[in-house]
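Take a look at this one; I'll ask things after.
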Amino acid sequence: MKNRKIKNVFREGAIASQFIGDSIAKHQSKTTIGAHSIFLGQVRADELEGKTVSAIEYTAHEEMANIKFHEIRETTFEKFNLSCMHIYHSLGLVKTGEICLFVFVSSPRRKEVFKALEFVVEEIKAKVPVFGKEIFEDSSHQWKVNS
Amino acid sequence: MKNRKIKNVFREGAIASQFIGDSIAKHQSKTTIGAHSIFLGQVRADELEGKTVSAIEYTAHEEMANIKFHEIRETTFEKFNLSCMHIYHSLGLVKTGEICLFVFVSSPRRKEVFKALEFVVEEIKAKVPVFGKEIFEDSSHQWKVNS
Amino acid sequence: MDLKIKYFGLLAEITLCNEEVLEFSETTISEVLEVLHNKYPSLRDKDFQVAQDLEIVSKDSIVSATEIALLPPFSGG
Amino acid sequence: MDLKIKYFGLLAEITLCNEEVLEFSETTISEVLEVLHNKYPSLRDKDFQVAQDLEIVSKDSIVSATEIALLPPFSGG
């Protein structure tokens, strides 16, 4: 898969808004970039039979997932004219309102980033072995299913 | 146009990455949100006949522009299922690598945010009377044209 | 009738002002533009739209506001 | 032949372990699954995919790795 290294996409716990701000700041020296697009997945306090989700606990087949993230990255660079791309996904407990997925794509031109961002997020949802356990306020749980 | 107030979208100078991080943080109490999408326009160091852009100076028909931003906001809320939306645009000097446009949309569901984000950005480019003057390193300039 | 004309971007570089109040007896936008073209010949080959009451109007509209704006191509974002 | 079986998400709740090493004489994935279904009857009505060498494989594939993973529906992001 080209010469890019397989990175570890996972971060323990929620992704902090400060971390996202810092990531944006790091791109300000790249003056061929004209457009960034960012997707953030946030844990919703969904209700089910009167119970409310308080957190999602994420597990993954980490080795396989990092390979899949890498393949998605390579495919996306082939399909779209991007300057750079970053993906971070939480493992462990992420409380409602916190961020569990951060996808960041940058390009000289805006048209590319919209298509690339949606492509990356849909690929992650479909192809990466990550499993979310929705934990309710009473400590009962159910396994999340992506729609 | 409904009961939302016309906001002032303009900020003097570049939009700081810290401001973007703080905006994200403010949404973490909104636990019906499942997906955010963000667009950032960044000033490119384009070259033209051997000269390099060092900054863009933005001016606008501010009153009209804020009304157009407001109309775009209202139309977008009608077309897409969004929880919230924020738009900030720079006025005055924004140096290469700095951010001049920040669009932030949030929804319970991810499918909405991709479409809404692209819609908002394309509407801004087409309908809002903002004018960018590309300033080269030798202080000469040319007027930017959106593609 | 006094009409305030606002110029933006490139157009303000040609007119050397951001706005000016001129007296017109003309009734349509295109007639007003003809006067401005005579005052600023370089305007003639520039691409711009005209806003009246903060809305883009066609050039055969009747002048109904006390202020119009000449807007070159938008380049926000 | 020893085969390490990894269980994820909901499936690990059924098997009460994240992984185990079992001895098999079976040659296809579906034959291995049949053994696991007998050991854990609740697995039978669960929806999952099987990965071998970190790639999803069909259930009539030949077992060629020393480790396979049982993956319930993905729910990342």
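For clarity, chains are labelled A, B, C and D in written order, and residue numbers in each chain start from 1.
Just so it is clear, contacts are C-beta pairs under 8 Å (C-beta built on N, C-alpha and C of every residue); 3 or more make two chains touch, one makes a residue touch a chain.
These figures come from a predicted structure and were not determined experimentally.
Of all the chains, the one whose CA centre sits at the greatest distance from that of subunit B is D.
Averaged Cα coordinates give subunit A a centre that lies 49 Å from the centre of subunit C. Computed from the mean C-alpha positions, the centre of subunit B lies at a distance of 27 Å from the centre of subunit C.
Inter-chain spacing, taken between the CA centroids of subunit A and subunit B, is 23 Å. For subunit C, residues that reach two or more other chains under the stated contact definition are 77. Looking at subunit A, residues 41, 110, 121 sit in touch with two or more other chains.
Each chain pair that touches appears in this list: A-B, A-D, B-C. In the complex of the two chains, the subunit C residues touching subunit B come out as 6, 8-10, 51, 54, 69, 71-77.
Chain contact summary for the complex, subunit A toward subunit B: residues 17-18, 20-22, 24-25, 27-45, 96-99, 106, 108-110, 113-114, 117-118, 121, 147. Contact residues of subunit A toward subunit D in the complex are 41, 58-61, 63-65, 67, 89, 100-101, 121, 124-133, 143-146.
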